[in-house]
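Both of the next two complexes hold chain A, though its partner changes from chain B to chain C.
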Partner chain A sequence: MKSEYAARPSGGRSTSTSRSARASRRQLKLYLFCYLGLLPTILLFVILRVRPLFSTLQLSFYNWNMIKPIKPFVGFDNYRALLKDDLFLLSLRNTTLFAFGTVIMTAVLSLALASALSGRRKMSAFYQVVYFIPVVTPMVPVSIIWKWIYDPGYGLLNYILSFFGIEPVGWLTYPNLALFSIIVMCIWKALGYNMVMFLVGLKAISRQYYEAAAIDGASGWKSFRYITLPLLKPIILYVLVTSTIDAFNVFTPVYVMTTGSQGAPGNAVRTLVYNMYEDGFRYFKMGYASAQAAVLLLIVLVLTVLQFAFLRHEDTSSQGP
Partner chain B sequence: MRSTATRGDVILRHRRAVFSPGGIAVQVILAAGALTMVLPFIWMLSTSFKPPAEVISWPPRFIPLHPTVKNYVDAMKAAPFFRFFINSFLVSGISTLSILLTSSFSGFLFAKYRFPGRDIIFIAILATAMVPFQSYMIPFYLFMRDLGWLSTYQGLVAPLLIMSFGIFFMRQNILSIPDELMDAARIDGCSEFGIYTKIILPLSKAALSALSIFAFRNAWSDFIWPLLITNDINLYTMELGLGMFQHRFTVDYGCITAGSVISVAPILVVFAVFRRNIIEGITLTGLKG
Partner chain C sequence: MLKMRKVGFLWLLCLMALACLIPPVNAASGKAIRLAIWSGYPEMAPFYQKVIEDYKKENPEVEVTFLTNPLREHEQKISAAIPANTAADIIETSTYVMQKFIDAGLIDPNPPKVDKFLKSGVYDPFYVTLNTSEGKTYGVPFFQGRQVMFWNTQMFKEAGLSHAPTTWEEVIDFSRKLAKYDAQGNLSRAGISLRKSGGGSGVTEKWWFWVYPAGGSIVEQVSKDKWRNGYDNDAGRSALKLYIDLIHKYKVDSHKIKADAEGFALQTHAMFTRESWVVGYMKQNAPSVQFDTAPLPKNKRAGTICTLMNFYVTKSSKNPEAAWDFVLFMMRPEYQKYLLSKVGWFPCRTDVDYEEIYKQVPQYRAFMALPAGYQLYAYPSLACYDEIQTKLSERLIQAFLDASLVDNPGKIARVISDAARETDDILRANGVYAGK
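Moving on, here comes the complex of A and B:
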């Protein structure tokens, strides 16, 4: 336990009232220092985070188009309507496919890359930088480049595939393919981040574990399965949780890639946030859009809890008899 | 004896692996992956220097036959990219500064003092670290509208002023600073605030620089909030400006890629210079948490 300054018994065993009074005055001054110091942060926190979060939940029970001053309370009507809203259900499906597609594929690929690179210091430094270039590039230019790569008429991808005798494909124009194409782009963008995270984790695993395992005759896949994976679990957990949450909030690539005649058909890649944006800021159905935001919040919460629970369960089962 | 021999064996096997058939396959895959990472950028750069006829020529060429800068001239004329850059820089800069200040000071208080309600406040802040902005952006928009902050810099930067995660991150880092240093400073007559400025801040430079990279990048790549709050092209950030730009020139890929190069170039130059710091800033900030 770390000793905290203000927590120390003030004045020791002294019984002198003046001393203890001075000490408690000092204690009060310290409290004041802490509360005053935290005040700006707490105020910002309440105004910028807590209040909007509660307003989301509150708004979701109202029917409001932003123009009219009256806001009729409708209870759970917005939520009930969501269950019958085809576009919302489609967005939910697309977002789920997108999130699991990108997160799982990125994690698997980057884990393989990181394992290949770990222990090769020089090579690793070079590849980390190269694989990180898409990570530092913001989403809008990335989406623009990939939209051009996916172009059915003059795109680079169709050109490369033509060497293998594959006919030109409308990557963004076929509904299911469009979602897949955006997934591939997002894997490309996130690969380097995941890879570096896993490399950091791998570096922390002591060489001795592998040496001991080698003596016991375990190497290759076995040592990966029984040493690397369990010891990497905290980082895998962190990466999975954060990237799943990010993936469920995907908006920018969808927004960029659905614009224009060469873009993806809107509904094919419609995601939760995109649907919410349209309902809220194109049709001004603020209450309805807020209900969607609340659903999004719920999904994020459930996912976080599930992933933590899942990994914890794995942990105990692997340590069992 | 036996164990040292085996250890030598392991290391030998590891060295040899690079040149074995499996090792070569790994090398090829890594190199192909690296090429895949870079190729889109080369393709973007190449298209941006092509005259319209060459952009839609088949088969495409990587090196333009008649390179031209006309796309860049057109792009700069069509949209105030310099302005976008300044806006992004301002918004990201103010956001980063505010996050550094609030995170380091409250992180310091959470790490080094004990006061009633401390843990409850801290957990409340931490609980929102995972909550995505998208889930409360609608009330946030209405709030900004009520303040009359739509299409203003204040409105643009407001949601980016604090980062729950930053507070947690700074607290974790400051916890590892020994209390003895603080006690020694107190004996020398240092005030509590002086401890923050003279001891805590200098000793958490590494954490602060990691957090600033993380926060700056976060603010810079924000897209949906600027899209909601600004109608004024003079307030567009780089991300929004480029998004709107490609909206207008949907099929003129020469021009669009030129715009993209303009927006990406400063980032890649900064990355080329500070690559290690940036990689660590973005990844380690997450891991320490």
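Moving on, here comes the complex of A and C:
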């Protein structure tokens, strides 16, 4: 910008100044118009998103019981209590296990599926639709259906396993299996979305790279390892980080699958949001639940920062000199 | 021209924003009185439809609407709405759920007319006592949840048994006679179905029905506002031992067998404990299954829980008088009978003659005809009781899976005392712990 101004002829300075003043007035009006147009949306965003966020942070410093009239300020006591709370630490551990289990498996499987489908012409669209159907199905009916699939006596899974001589398994009632069972369901649910993301990435890779690699004698695994994977890196990062954020916020399947006499034991599948919900809405400890929400926010924030850092690095490095 | 368009567009945006802020004009706000009821039992819908229809005939100016949610969601909804003063006019819920709101002054005591009705002899004095706090009555008892033993008469007959178990010894003996196994030795039909898993507080509640006859409880009141655990004793240990023996020693119940009312309807087990709604459930879902009901088996003492579901008029109501009038309308004897015959929940009014319904559905009789010496007990008025039950449930679920507890009294004692410590810690954190 500086060099543009310097290149202008010095004789036309006054004309140029008045022209630029008019231009900046016009630009100001345009900005004003744009911001006024955006104002209702920004207001709604502030009221519905930003304000509750700050209210939650504020609540986390109070002993805020929903039904008690006195709500004293307790500073960092709620945070200190979290460090000694076995259920919170268990839910943090379960959530991390859940996040790693679902994210890694979903990424690997959806990349494999996308790779298999990207080269096919026949039936590719059909398979894409089939894998995408679980994504558009709401989580509550999906969880109820899977609860039936996992039913120890009448479930489809045990029925299929019985053909191989495997005895019925209490998929949801055995604590060691309950979290694993929910992970499998969530992988099935998220597979289609990540597959579509990878398909878009794969289709954006020019065929010329593969042709050049083939001339040099590289094909199959080598071209996948040295061409596909590096060029898919931004998509892989996006999928990994957004899936991790989603996984840390898991609640609905845990809630649905723990209900009823043969639901999963709460502690075996206790995740951060489920723990937060119990403390807040069952035991009315809103201040304590808010402290957990703040910790979750911090985790998600760190992951988001990581996402930005990686993607920015990718953009910078791909621009070249 | 462009400028005018921009200005016009801005005006449009402002008008849209204003339209969002202005509340809708209530066309009928002139005379109609609107009342809303929230219920935690979706199966109550036919009852509400009927009473609302009938009430409308007598009071055309009153419009009543109802909303039912599953119990857990209902309790969460009222927990958020009552403190925020946005609850429905009338709420149907248990004494124990409402007690914390009563203690916090968020629910008003009954007006004199309702108080008089409560004390007029239409209810068992026990119910009136349960709904009395600091000398004032709160809410009107509507229906009650009492636990009984449901037993499949056909299966019992086949096993040569003529009655439901009356003692713990009979529970073990009958369960062993009723259980069936496949060729590999796996349990194919449970002799008894115990509540062994699932989130929330249900596991502890069902275990309580065995702790109580053994002489214990989940919490015991020491003084007016002071409590301590009531199961770190022989009662708690023997109730846990009974579960462990039935599941792992005698193998008459299993986590792999369909449990609860669903399992009873599918005949995957021979007996289990539940409330009166199961009678209606069986009539609708498994009319061919032959069953009966009986009082819970005794041990050192005998008794069953009595959970009252009441109607409360909230402070949010703009028409509390009309709301109470509608509540009293629902208490009329014909609607109490309608509730039992159509829905299956047991009405609270004890002055109404249900004999006609007993003749049609004899399974209801065990709910009301209590044997001599049989006691009724209720949920304690403790705000933290749900937390106690829910956290204890998780420990019990873990214990019920542990086969190493069989014939291991030391380990059973450790499980119980660890759990009891947590219960006492919750009481302490809430400032109501009595100490040892």
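Note that in this section the second predicted complex is superposed on the first by the 272 of 321 C-alpha atoms of A that agree within 3 Å, B and C clash if a C-alpha of one lies under 4 Å from a C-alpha of the other, contacts with A are read in each partner's own complex, and residues count from 1 in each chain.
Just so it is clear, a residue touches a chain if its C-beta (ideal position, glycine included) is under 8 Å from a C-beta of that chain, and two chains touch if they have at least 3 such contacts.
Here the structure is a predicted model, which is why all the values come from computation and not from measurement.
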When both partners are placed on the shared chain, which of chain B and chain C touches more of chain A: B
Touched partner set for A:Thr258, first chain B, second chain C, both or neither: second
Which of chain B and chain C A:Val108 touches, first, second, both or neither: neither
Partner chain(s) touched by A:Leu89 [first = chain B, second = chain C, both, neither]: neither
Chain B versus chain C as contact partner of A:Ala21, first or second or both or neither: neither
Touched partner set for A:Gly192, first chain B, second chain C, both or neither: first
First (chain B), second (chain C), both or neither touched by A:Gly37: both
First (chain B), second (chain C), both or neither touched by A:Gly153: both
Touched partner set for A:Phe281, first chain B, second chain C, both or neither: both
Touching partner for A:Thr56 - first (chain B), second (chain C), both, neither: first
Overlapping contact positions on chain A, where the chain C interface meets the chain B interface: 33, 37, 40, 66, 151, 153-154, 255, 259-263, 281
List of chain B residues in touch with chain A within their complex: 3, 6-7, 9-10, 14, 18, 26, 29-30, 33-34, 36-41, 43-44, 47, 55-60, 102, 105-106, 109, 112-116, 118, 121, 124-125, 128, 130-143, 158-159, 161-162, 164, 167, 175, 179, 182-183, 192-193, 217, 220-221, 223-224, 227-228, 238-240, 242-243, 246-247, 250-251, 253, 256-257, 260, 263-264, 267-268, 271, 275, 278-279, 282-284, 286-287, 289
Touching residues (chain side chain A, partner chain B) in the complex: 2-7, 30-31, 33-35, 37-38, 40-42, 44-45, 48-53, 55-56, 59, 66, 113, 116-117, 119-120, 123, 127-142, 144-146, 148-149, 151, 153-154, 156, 159, 162, 188, 191-193, 196-197, 200-201, 210-211, 214-215, 235, 238, 241-242, 245-246, 248-249, 251-252, 255-256, 259-263, 273, 276-277, 280-281, 286, 289-290, 293-294, 296-297, 300-301, 304
Residue ranges of chain C in contact with chain A within the complex: 6, 9-10, 13, 16-17, 72, 76, 79-80, 82-83, 100-101, 104-106, 184, 186, 195-200, 202, 255-260, 262-263, 266, 268, 383-384, 386-387, 390-391, 393-394, 397-398, 401
Interface residues, chain A side, partner chain C - complex: 33, 36-37, 39-40, 43, 66-69, 87, 151-154, 167-170, 172-175, 255, 258-267, 278, 281-284
